[in-house]
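Next come two complexes built around subunit A: one with subunit B, the other with subunit C.
And now, the complex of A and B:
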């Protein structure tokens, strides 16, 4: 039977940035460099910051838990390498500015070990109880690997107040350039399927959808083929969704597949839905079956300026600089190093910034490409063309919010629902007047947060 | 290895769009109408368009110089204002009046508010209204296109002194209402003439085909949304149809209203001026319906034969209110905690 890979499901709004996935879509997942030093951030997730469990000059094993926290919404961190803690110090963090990290130096005589994992043929998720799966996910420090980094255990654990029915596996990867989820779907298919079954068992969901954008027909076919061979493959459905940015946002994905709206300021479990990234479910499999912690992840190193773009399995905590060097450095004149994709990623100022659990890509853009971005061109007055309103997936009024923030009218910004913005960047992307709407909105949110905490702006 | 790196807010890429490209799109959309004007009114059209554009641009430059602001001519908005103003002027308007109109348009209509994006009223319509109020006679004497044979009986009988002047189709319809002569005076031939443009009227409004081509171009390029044009035309049509159905002997058929006067120019190029139109979809519908209805109200009930400029200006004035009442609600509903 010919598998239909045409995506019919979509959401209102959104835009179509150039995909640029060809740079790395044929690159198999390779092992990253052997690292001599990692800086494991104590805050790589949403929720409480971890406390260090190790002291300076203490020896740590690969996979040892080095930071944890008692709070419910939190996830421990682990050392990816065997070595010695040389310091617990501040390091540049992509989002938080500077944050505490445990810096581990590898012992010179211990080669970097890569987690080896093979799914056994006799795998049956019913051998694992829901409680055990949740505990393993928690102990492995698994967080949402698509971007936000919400602790996965909190998501999948059954909650009597918010019963879950539908599990959506997010393989959209709507950001331009990034291909790590795509390669994971092609190469780690069995791990994903096993992880889906584990997550389904833990969360008690009855229906499972795997959402993949229709610009990845191979992934759709591979997943469908894998589902045919497994026992209960009929309950899991692959849903091709339309290629559109930000299709991979969980609110947009739920809207596209289930035609339901997640309440503003709410979370998907409020309507009985759990959304997990494909990389996250692969990590669940490793954690539950082999007790492997989340200490490595697949990162796409891409961009026109990179000499050898590709998808690499690297230890979490290695610096951006090491990884770029491993990829042959930059070939052309680079101008911007972004952790993440070009739409939502964060430009780093310090190349020593360590990779975290949520870093799905390192994109290095050339001057020519950022010449097209907003800050490189003169900002002209808003002509109220309404393009930002048309593309806003959350149905907001970006220009009104941005101009309210610009004029320091935070109450007006709030009355236009600034907090409902998810900062996808569509409005800035289409603005003909080169106004950095997303930037203003982000600034406004920070000001509002400060105002609520009574910190002078 | 990496020294010269930049940091900025996401997104780091952007669409190749600028205010300038949007304005150039509008100018391209106006080309068919300008060509039609040039075809029917020959040198008069070219002189008026050139005058309006030159003086609009010069006024904007001067205002920026006086206010010590950076030059904003590169966004081409002054050119658009000049062209639209020129297209809404009668062909035999003296050049000095066109100069006054374009200077007023840009200086009072736009620059006193703070330039592009800050103006409340459509600058071209401000200029045209000023001219209508100041030089009423000049603004309402119409030349028939040079392609029309002056000896044809269609030329209005009261203009025998100057056979080159005639009432516009709308003025005729007005006269029909007044004198209760009935709709017979304007026949099918008249109606057809409005499509090609062989009728009296303002420079750019006579040829329906040229305006439709330009409007279609803007719609395809997504420079304008379909909401406002559709709302204007639909509401005008419905309004005219109601009157036509009530008394078809006194009122012309609705299609006639759509094809004559500045209604199409308004629907595609004037009302859709993004700066003075509402932002939200719902607001656009209200704005369009308001413009169309007010135009027809002025045309049919009011004293003027043409009501587009007043309708647009009136709706411009309520645009901020419309925007305020048509606030967008986030997709997930209003946040519960507030």
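And now, the complex of A and C:
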């Protein structure tokens, strides 16, 4: 029987940027380089920052917990290598500027060990209680690996005030260039299926959907085939969704599959939905079955300026510089290194920036691509064409907000729901006048935060 | 000629009379209406009279009339009214300074205690373009607040990013970017605090200028001495040499600070300035050459 891989579900708005996934989509997940030094950030998630548990010149084991916090919304961090703590110092962070990190230097005689994991044939999620799964997820420091980094334990733990019914596994990967989730779906299929069953057991959800964009028919087929062989495969459904950016956004995915809106400023549990990324689900399996902490992740190193693009399983905390070096270094024509994809990723100024739990890709773009990009071109006045309104997945009015911010009318920007913007970049992408709409909206959000904080004079 | 005949004149006279006869009631009505309305207005102006304190005018005259809004009111007129009602607001006019406060107090026949020195801004960074370290070129929106949102726009996370948010905030043209550093022209500065509110890195602090030139530690870097050194040639490394000279200095979070309230120009502060290994203790103020001794 031919499986229908045509995506019928989608959301209003969105754009179709060039996918560019061909660079790495056929590359199997390889082990990254042996690292001599890692800098494990103490803040890799949304929520309270971890406190270091180790001191300078202390020896640490691979997988040892080196930072933790008592707060509910937080996740501990672990050392991926065996070695010695050199210092606890500030390191460049892609988002926070400079943030505290634990720098571990590997012992010269101990080779970098990669976690080995094999799913047993007689796996049954009913052998694990919901509480045990949640605790294992918390201890392994698992956070949403799609980009936001929300602690997974908080998401899947049953909450009497917000009962959960539907679990959506996000395998969309709508961002151009990135293929790490696609490779995980192809190669770690059994791990994902086991993780789904564990997450379902922990959260008490009755229905499960696996959402995959229809530009990945192989992944849809592999997932369907794996579900057929497992015991309760009928309850888990693979849903092909239409290829469109930002289909992988949490709210857009819920809109596409369930035709429901998450309230503005709200979270998916308010309508009984949990959304987990495929990489997160695979990490749950590792954590629950073999107590492996989240200390390694798959990163797509891609872009036209990279000599050997590919998908690499690398220790969290290794620097972007080391990883790019391992992939053949950057070409002379390279101009911009981005953590994440070209739409939502953040440009890295300092190549010593370590990889965090939420880094799904390193994209290196060439000078010509940057030259073609919006900001290098001349910005012209808004011609009121309304294209940004058409593509905004949150149904906002980006041009009104951007102009309000430009003219310092923050109350107007607020009345147009500036805080509902998720900064997907669709409006900047389609703007024919080359206006940096997303940039202005981001700036406006910071202005508002400063205004509310009451800065001392 | 018809004109000169008697009948013709009589005819004309009769016409004029007729015109007058038909016109005078209208004129009388208009005059009557005019008087009537004037009377109404006269009564209204007496009955609904609003008494304006002549002091408001006086206070308004004493104010600098810049309408800068530093006092928290919509303009000098609003502030003048408010000050009369609540004399505690006297010191709020920053551009006017103590002189204006004295004048207002004189009008209100009050005595103001010495309100202290004029508050003027000091930029707590001393790094010009050649002193800073950059990792990459920033090409985004050219404002400080947007640049500051992106991590590592320059190596130092505390120093001046020099895209001029403070310049746009200043209504008096007192700020300029000189070689990658926001610089205050103290002749033009009125002390309205707009720049200190605009800086996303909170580099600009309002300081009581009790001398023409104030000594300051022109750095905000709270990183360790080693990393500050690696990023900036003129950053404070928190060595504490200045603290050994005088207690006016304190070191907290790897950063030396001068207590501006206690500041006295003494031998010790001068020695501290000369001993500073990165020469980050400098004078900022009205004298053109900042290295000059303070004038009074």
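The working rule: the second predicted complex is superposed on the first by the 454 of 457 C-alpha atoms of A that agree within 3 Å, B and C clash if a C-alpha of one lies under 4 Å from a C-alpha of the other, contacts with A are read in each partner's own complex, and residues count from 1 in each chain.
Everything that follows uses one rule, which is that a contact is a pair of C-beta atoms (placed from the backbone, for glycine too) under 8 Å apart; a residue touches a chain by one contact, two chains touch by 3 or more.
All figures in this text were calculated on a predicted structure; none of them were measured in a lab.
On the superposed subunit A, the positions of subunit B and subunit C stay apart, so the two partners fit side by side. By the touch criterion defined above, A:312 lies against neither subunit B nor subunit C after alignment on the C-alpha atoms of chain A. In the superposition on chain A, no contact is made by A:9 with either subunit B or subunit C. Set against each other, subunit B and subunit C touch different numbers of residues in subunit A, with B touching more. Judged by the touch definition given at the top, the superposed model places A:429 against subunit B, while subunit C stays out of reach. Once the two complexes are laid over each other on the shared chain, residue contacts for A:90 go to subunit C alone; subunit B is not touched.
By the touch criterion stated above, A:399 is placed in contact with subunit B alone, subunit C being left untouched. By the touch criterion stated above, A:209 is placed in contact with neither subunit B nor subunit C. Touch criterion not met for A:150: it reaches neither subunit B nor subunit C. Once the two complexes are overlaid on the shared chain, A:188 sits clear of subunit B and of subunit C alike. Of the two partner chains, subunit B is the only one touched by A:334; subunit C is not.
Following the chain A superposition, subunit B and subunit C show a smallest Cα-Cα distance of 5 angstrom. The contact surfaces that subunit B and subunit C form on subunit A in the two complexes overlap at residues 346-349, 351, 375, 436, 439, 442. Across the complex, subunit A is touched by residues 1-2, 4-19, 21-22, 72, 75, 77, 115-118, 225, 274-275, 277, 279-281, 327-337 of subunit B. The residues of subunit C lying in touch with subunit A in their complex are 135-136, 138-141, 143, 145-146, 148-153, 155, 157, 193, 196-197, 200, 202, 206, 223-224, 227. Only residues 12, 15, 17-18, 176, 251, 255, 261-266, 321, 324-325, 329-330, 333-338, 340, 342-349, 351, 363, 365, 369-370, 372-375, 377, 380-387, 389-390, 393-397, 399-400, 416-417, 419-420, 423, 425, 428-434, 436, 438-439, 442 of subunit A touch subunit B when the two sit together in their complex. By the touch criterion stated above, subunit A contacts subunit C in their complex at residues 89-90, 92-98, 346-351, 353, 375-376, 436, 439-440, 442-443, 446-447, 450, 455, 457.
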